[in-house]
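Handing you a structure now.
For reference, chains read A, B, C and D in written order, and residue numbers begin at 1 within each chain.
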Amino acid sequence: MSHSAPGLNYLNHAKGFKSWALTLDHKRIGIMYMVAVSLAFLAGGILAILVRLELLGPGETIMGPDAYNQSFTLHAVLMIFAFIIPAIPAVMGNFVLPIQLGAKDVAFPRLNLASLYIYLIGAVIVMLALVNGRIDGGWTFYAPYSTSIGNGILFVTAGVFVMGFSSILTGLNFIVTVHKMRAPGLTWNRLPLFIWSIYATSIVQVLATPVIGITVLLLFLEKAFSIGIFDPALGGDPVLFQHFFWFYSHPAVYIMILPAFGVISDLMGTFSRHQVSGYKFVALSSVAIAFLGFLVWGHHMFVSGQSAVSSIVFSLITYLIGIPTGVKVINWVQTMYKGSVQLKSPMLYAIMFLFTFSIGGFTGIMLGVLAIDVHLHDTYFVVAHFHYVMMGGNVIAALGGLHYWWPKMFGKMYNEFLAKIAALLVFIGFNVTFFPQFILGTQGMPRRYYDYLPQYESLHELSTYGSWILAAGLFLIMFYLIASLINGKKAGLNPWGALTLEWTHTTTPPDHHNFHDTPVVTRGAYDFHLARHLFENGGEVSELDLGGDGAAPSHEATPVPQEPVA
Amino acid sequence: MGDNGSVWLPDPGTALAGEVDTLFWFVFWTSTIMFAMVIAAKLYFMAKYKRNSESDVPEPVEESKALEAVWIVVPTILVLIVFTWGFDVFVKLNNAPPDAYEINVRAMQWSWEFSYEEGATAYTELYVPVGRPVKLNMTSSDVLHSFYVPAFRVKHDIIPNRYTAVWFQAEEAGEYMIHCTEYCGTQHSGMNAKVVAVSEEDFAAWITEQSQDLPPAILGEQVFAQCQACHSIDGSSGIGPTMAGLYNTERALEDGSTVIADDDYLLESILNPMAKIAQGYPPVMPAGFSALSQKQLDGLIAYIKTLE
Amino acid sequence: MANPQTNQPAHVKHYFVSSEQQFDAAKMGMWLFLVTEILLFSGMFVAYTIYRSWHPETWMALSTALDWKLGGLNTLVLLASSFTVAMGINQIQRGNQKGLLINLILTFVFAGVFLVVKYFEYAAKIEHGLLPGAAFDPHGISHGFDYATYNVPYGPQFFSIYFVMTGIHGFHVLVGMGLFAWITWKAKNGAFSADYYTPVENCGLYWHLVDIIWIFLFPLLYLI
Amino acid sequence: MSHDSGHHIIPVKMLYAVIGILVFLTVLTVALAQVELGVFEVPVALAIALTKAGFVVMIFMALKWDNRVNATILAVGGLFVVVFITFILLDTEYRGDLSNTTEGTIMDQQRADQAMEGREPERADIQFNRQ
């Protein structure tokens, strides 16, 4: 196997600012995305800590109502548009997806780089709102409140519009890449579930994001020219705005959670060294969920004044989507059954995900019940629910994925002991922060409240303490990951014994062109029983599996047919 | 976690709230049991199938179609039960009995106005009779609000330019919090009020007392609580002109003309604020005040006359 | 001219295996992009549908405020431009670079004509206060017709939807003109051949979509 | 998937035929708009527009000879536009079906009152719930 000069990889084959800023390499773009979304996460996280600090007691604790209202709004906008939506697809999707497909790059590398810059421009425009009037009222921008405040809303809508473009271009790129650039032998049935879920996510991104585009555009025009589509004072209909908004924003929930499903599937398979139970179901249900996700937006609007007919239809379809999601959870648990489970830190996050996401899922069912939602809508129950899904789902999975692919990305191992401590801190901190909020919600504490009744104080206090534990865990992760870059142990080719192409067919870190020769795939992503030879010597797999199944692992290149399967 | 749920749910204040709670507990316990099963299985598998040897490669498991069917069919049945049940209670929650006692509610940034057909108007306390269904016809003067009484498990958004409604029948005398649950600006979390449920007799007495002819200026002072965010009474300038010493003076208008601030002008300015815009002030006064009753309007004007 | 390493034509990027794969990928990407465009416009069509179903009388009354002759003319202009694009692709598929160039220039001209007509339409509306939302204030008399009669409830919404729909569409025409200017320039330099004309194909697809949107806008706004 | 799917050369004659049809349909829809069609007005106009769009998509955009995947993409896009419109109509057409919301707006009601009584709208203790 002739790689380009030994020791050269995508990180060091070219140096200098320009080699990064103008790179077309999907791996470098993924890394740059990682830096960008991490900054967004840091900013959003600091705001979250401030918000929790303010809620430590009733009345003013550290800031006044206007500062508080803007803090939670900016927290939401940053976390949703600038962090969660791009987190897994744009970072791990970019880095891993082409390699898992056996491709040398995504289908449109220039577009890929463009979407990174578009994302950055969008984020900057959003931040401009801070110095150009205020933005409050949450990330939902409900009219007519949003058009009644200062000009900050113009910047936020413009920024969201621009970031939406980035999201669309990424999704479009991935769909084409999955369709057109799979390696020979990599049939749909052999695709890693991570690919399936990113594929499903991309469908949602392409179909839903344009609608938030037109929605924020109309909101922009409503603010700038009073066009009277949403503003009731001019004869518009504010409920129509909510339809427009949720037509995107509910599917956006699936943009956030579907990639997490993919990461968890990969982790479950690899660390159980076992076929993911119900592979076909898990794969196809991702796509089914992506489509069904478009038919349930009205469950955010049961008390908004929409017709009862639509509430009923939306409620019913909400359950239809709950079932496949539930079965997926069971499939992941079942993957461990008669498997060979290894509790490395990435797997800890997968295990944690099963816990937190299940709570998020069950409380989602609770909120889908028409009569109960009347009580729980816009209370802390909803806040807790979506944090269990978004953070307990997406962020936990993203952390799992980060720990899983970190060695491949940088060729360095982090400190496994610290990683386990951090995982524990995150788990405890997360649950202490958000579980009390369920009870606050059922007790009737409305969300987006700066001040509250004294009866809610003890639970708020608990929640705030939890946020400190959570923050400690996250800072610990930041610390040892950065430390690993400086003095981490060198990572092997395939430390987890995974079977997807990024582990079996690339060096660590990968070569600039991923593969020198196009790999040929002869087994499914989780067919560990067909790859026994890789594990014969025990320990971590340290050799590339270039021969396909049956062949002995060898450094000798096996001739690879060139003709691709499109 | 008893049936009245001191930890999870506040005491229900209406019979319908009790029905909601029953449904809540059904979903709660079913979910908890299923969740416990999933977590138990997870922990068991984690321990039982722990990797013993690094070269261990387990055989794939034959997937049981029957088991898969169970996972799909059982939850489907459960959610269909929950859906039907939830739908049933939802319709009850949203359909007020035809004989309900109706109260008009106007929400605004950041206060409430409850007006009774007998003529009484309240701002911080919504008096209702115990044991009689009460229907609130609600609308908003500015942005979206939402009317929420946790103890009654009722909530509905309040929309400008449209009436929405909630109804409830308080079972016991007492006070119940009202919150606004749709974000409406700086003082969103301060937009609270109370339902005060009293016996029929007390309610009758209250409403008679409140609907009594207060001296107009006193009534006007009460009503003026809504105006104070923009109009001062001490001569300082706000979003709108001050009311102090306004009566019967000559006012300059935006269009260059002038007008005497007499009764007719004040009335017109309240009912149709865009007709004559005072010079130097933005035309932002909401039209919502046209909903005030004749008596309230007379009261307001009487009160403004008293402001020197 | 071929890439010595892969024996592929020069226009094939290194991460593609063949010219075919690259062409298919580009085209699929374009179709996906067109779908996002459709969904972007769908929001406006939804607003149109809802408000029309709420206030059909306003919609019927105010469609007469739009000049169907100018709208119809623009429809024909766009159809013609779609035709010239299709012809251009036909020409380059046969290797006729000059044929392509002529058709591209024609398309560009038609797009320009469309915008000029649009300009006159907008100018007339603005002159008589047929404006979106709060600015709606129909006034003035032209050809013996009193525009004030257009002052009906929900007229502001009609003109909001009219201006936003045609405005976004017009913006797409403008972008299209930019694209055609670019590929016309490339075509002039002989960048395209029967083997490689992907940008023409994709710009063409975009342009046809702009045409299709107008095919719906015209009857919905001007005729019914 | 056929390998020369994207490179079908459409005969010039067919292009001329299609532009002919499109111009004819445009004239037709304008002509029909001058006639009173009542409830059929909208469906007829939409049907003609859909036919025209169909010709453009199939022939000018060559979807007829194109890869199936591209046709699927377009179909899915169309489907979601329909979903978008239908589900919102489920709300707007049935708004006020329970007594928790009124069907009409306060402005409309005031306007109706005004028209009926020919005077300034009475202050709005209007009650227009459907019982």
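Simple rule for what comes next: a contact is a pair of C-beta atoms (placed from the backbone, for glycine too) under 8 Å apart; a residue touches a chain by one contact, two chains touch by 3 or more.
In this text, all values refer to a predicted model and were calculated from it rather than measured experimentally.
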Given subunit C and subunit D, the chains that contact each of them: A
Computed distance of Cα centres, subunit B from subunit A, in Å: 35
Between subunit C and subunit B, distance of the C-alpha-averaged centres to the nearest whole Å: 47
Per-residue overlap in subunit D, given as positions that touch at least 2 other chains: 69, 76-77, 80, 84, 88, 92-93, 98, 100-101, 105, 107
Contacts with two or more other chains, residues of subunit C listed in rising order: 20, 24, 28, 32, 35, 38-39, 42-43, 46, 50, 153
Residues within subunit A bordering two or more other chains: 179, 207, 211, 232, 235, 237, 239-240, 305, 308, 566
Set of all touching chain pairs, with the criterion as stated earlier: A-B, A-C, A-D, B-D, C-D
Residues of subunit A that touch subunit C when the two form their complex: 103-105, 107-109, 111, 168, 172-173, 175-177, 179-181, 206-211, 213-215, 217-218, 221-222, 225-229, 234-237, 240, 244, 513, 518, 562, 564, 566
Touching residues on subunit D, where the partner in the complex is subunit B: 98-102, 104-107, 121, 123-125, 127-129, 131
Interfacial residue positions of subunit D with respect to subunit A in the complex: 1, 69, 76-77, 80, 83-84, 87-88, 90-98, 100-101, 105, 107
Partner subunit A, residues of subunit B touching it in the complex: 5, 7-10, 19-20, 23-24, 27-28, 31, 34-35, 38-39, 41-42, 45-46, 49-61, 63, 68, 71-72, 75-76, 79-80, 82-83, 85-94, 142-144, 146, 148, 150-151, 153-157, 159-162, 164, 177, 179-190
Touch list for subunit B against partner subunit D, complex: 91, 94-96, 98, 102, 104, 115, 135, 137, 139, 156, 161-166, 271, 290-294
